[in-house]
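Labels run A, B, C and D following the written order; every chain starts at residue 1.
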Amino acid sequence: MAEKIRVGVLGARGKVGAEVCAAVEAAADTELVAAVDQGDPIGSLVEGGAQVVVDFTHPDVVMDNLAFCIDHGIHAVVGTTGFDDERLAVLRDRLAAAPGVGVLVAPNFSIGAILMMRFATVAAPFYESVEIVELHHPDKADAPSGTARRTAELVAAARREAGLPAPPDATTTSIEGARGADVAGIRVHGLRVRGLVAHQEVILGGVGETLTIRHDSMDRASFTPGVLTGVRQVAAHPGLTVGLEHFLDLA
Amino acid sequence: MAEKIRVGVLGARGKVGAEVCAAVEAAADTELVAAVDQGDPIGSLVEGGAQVVVDFTHPDVVMDNLAFCIDHGIHAVVGTTGFDDERLAVLRDRLAAAPGVGVLVAPNFSIGAILMMRFATVAAPFYESVEIVELHHPDKADAPSGTARRTAELVAAARREAGLPAPPDATTTSIEGARGADVAGIRVHGLRVRGLVAHQEVILGGVGETLTIRHDSMDRASFTPGVLTGVRQVAAHPGLTVGLEHFLDLA
Amino acid sequence: MAEKIRVGVLGARGKVGAEVCAAVEAAADTELVAAVDQGDPIGSLVEGGAQVVVDFTHPDVVMDNLAFCIDHGIHAVVGTTGFDDERLAVLRDRLAAAPGVGVLVAPNFSIGAILMMRFATVAAPFYESVEIVELHHPDKADAPSGTARRTAELVAAARREAGLPAPPDATTTSIEGARGADVAGIRVHGLRVRGLVAHQEVILGGVGETLTIRHDSMDRASFTPGVLTGVRQVAAHPGLTVGLEHFLDLA
Amino acid sequence: MAEKIRVGVLGARGKVGAEVCAAVEAAADTELVAAVDQGDPIGSLVEGGAQVVVDFTHPDVVMDNLAFCIDHGIHAVVGTTGFDDERLAVLRDRLAAAPGVGVLVAPNFSIGAILMMRFATVAAPFYESVEIVELHHPDKADAPSGTARRTAELVAAARREAGLPAPPDATTTSIEGARGADVAGIRVHGLRVRGLVAHQEVILGGVGETLTIRHDSMDRASFTPGVLTGVRQVAAHPGLTVGLEHFLDLA
């Protein structure tokens, strides 16, 4: 049997980090060798022999964490937010000096959400109409969701590239908001209903038919398979990768 | 076998009237005895021995049509629009002088739409959240649809009566329109997608569960069973009835 | 402000009982005065002044529990299984001697499931076709689910009473099982998919339209509002009631 | 502006052929130059200067039709059924002698159905569970539908290639048929409900999430965009192509 991948987790006592630890321990091909949080010595990653680090920490500390990892030849899978072009450029520079090391920075580890966005983008050129509905619990602060906004931008770009005009809409009489938000020319509708968790539907339509792609996330544990995919693939992708979709074989 | 109900149709050559004629002829218990349109003598209703008239004509002529029917003791099932309180009062007066005659005025003959509104109203008091999504072809001029607005009003009234506060919504950051239209305090979202016909979904939610009531109308023929129900029941309901729901046994 | 209802819970340390305790404590109008499980003295119900007892215990002990409650003038809301006609007759006898006491025995406390069954039954006479799809996690042992079987029986009875023939089905070539299970003449389909919890859809159809009633249960906590409804209503319904639907105002 | 593609239709007076003729005439970049049916001279294809022929005829005549087209350097888009390996080999041989000519043989021209099958296949390796539900009008003779069977086979192959075991299923007590048909190890459920046209849903699930791909075909006209895509692309694909998916840019 192949040796297990030795994994260290930064932010290990946070809500997300704790689930990552559990998933790493549960999977047959990974092994948790260091669980580090605020106040713990980061050196335990090296002592434990971590090959890959998973970082769900904070924008304030993540750049230092990654500098440490790259300098010690440890690959990294990063779910911490706050990466802008400047930070990505800094990472690329540092990785240039460590040719064998791979870093994955991903805003979204839900494989289902990634597939939904991908399929919506591939299908978009074939359909006259497309709209997006996202449905969440009513404690969510932003509308539409980040995933819905991102999907709209991807779909809009795919339509533009295919030379499609704006989706048809003969609405002349309307109550304000009835047709949803306009994100890059695509209509996005946000529902907030108790009992829901996180759901999204992309509805594409042409004459006589519709194609609907729906993702239902019932549990926050649904991001862990994506993290594990990152852990398994990052060593084979030296340098910087932005977006888990590049590690999925979607061609 | 029971005798068939003898039916006359006013507006018989219109799109809707023609489908009513076909449905009356197809049903085992009804018989088409007069098909009247603009320019035809209305007297043929009497000559044909019509017991029930179905009127899908125009607001300009429907009051004269109904006066004729009531005076000749013919029951009427009316889908023509334009009935306000004044017109309904006129009808009630005239019917008071013709005690055996029944007139049904209905804004909606789709039994599915009526059941959807009814069920949403019955369920509303049991759920913290409720939102409405209506989905139509992109050639529709108004948003939200009349049925969605009516559903929102009924649901809002049921919640008010049960003493429920406004549905929870923690949205603080929003793109304009993302949370839909506000109809009587209920959020309503209208989609316009090629390939769709006429669809509506009412989503009710409480802790850990949602209840969804969805009506899909794929074909305008879907209103004819409601018209036939009206035809069969109107004689047993003398006087004026507004709304087909009063002829359905929904208790 | 009205006084809180004083509630005792039997089976308080079981999975379900623990959630009932939490719900009773969280609600504004109920108060937990006794949490009793195996080995605890049942007398603490009386000492705590319980007005209503909730029993999620075991068929072996529930009859003794209820005898105690009835004898002490305590109303009971019972989710424990195993009630057959004989047991119900015993309860009725004992309640006859305690005229003010109410006992509710309910196989299902999910208000959403009860509404779904109710709406499917009300709608059934209006539709030529109806089928049921239930969707659950793949660790479930029985297919179709009990709720799906019960829904099929209710729908079949409503169709029979309305004089409807069997739903149309022109299938002549079929792979075994493709058309689902036959429950009282209604087709029922059971899906088992990882990530799902407990879901059911009733699809009714007539010419040109369909009506779909769907219940999604994402969390076992979804039964607690039904238990609280039982607790609030049971004192007003002396004698034996079987089924929570009798406490909901669904007319 | 580019010249229009000159199109001939074989089987032009059949139900499908007539819709193809209408679609060719309606599109901005195609032109109908010959509409041929039984008894008409096939030579009118040459006289009209057809560059592409669309054939929706009969297995008995389609091979002769294609021989004529290939010999006259006319590309062909073929929806006629009955192509087995032998027939495809004959076509390949004949095309070898006409190097510039393209023939597309496609069992399915619905772009939506093709996308659904493609997306299901791409997603399959990422999910522990997958089941298929197809929903049709009750006059359909076979269950499950051909598209559902084909989808199951594609999904099963993708899972096998990824090394996935059978989907989990703990069912021990079951009413016959409740778990659907077994097609290549994938469960397929067929519903037959009045009011439906042709619909399919593929539900994929992993821990805490599901991904659903649904295709709704409300009108048989929905296949014409696929035929037009074939017409536009066939000249650029000399030789034999089986399946419209090869003309769609889905990478």
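One rule holds in what follows: a contact is a pair of C-beta atoms (placed from the backbone, for glycine too) under 8 Å apart; a residue touches a chain by one contact, two chains touch by 3 or more.
Because the structure is a prediction, the values reported are computed rather than measured.
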*Which neighbours do chain A and chain C have in common?*
B, D
*Centroid-based (C-alpha) most distant chain relative to chain D*: C
_Could you classify the chain A-chain D contact as same or different, where same means more than half of all interface residue numbers appear on both copies?_
same
*Selected interface, A-B versus B-D, where C-beta contact pairs are more numerous*: A-B
_With centres defined as the mean C-alpha position, give me the chain A-chain B separation in Å._
46
_Distance between the centres, which are taken as Cα means, of chain D and chain A, whole angstrom_ = 34
*Quick one: report the Å distance separating chain B from chain D, using the average Cα coordinate of each chain.*
40
*Would you pick out the residues of chain D that each touch at least 2 other chains?*
195-196, 206-210, 216, 218-219, 222
_Residue ranges of chain C in contact with chain A within the complex_ = 195-197, 216, 218-219, 222
*Any idea which chain C residues touch chain B in the complex?*
110-112, 115-116, 119, 122-123, 125-126, 206-222, 224-225, 248-251
_Touching residues of chain A toward chain B in the complex: what are they?_
127-131, 133, 135, 138-144, 149, 167-183, 187-196, 203-210
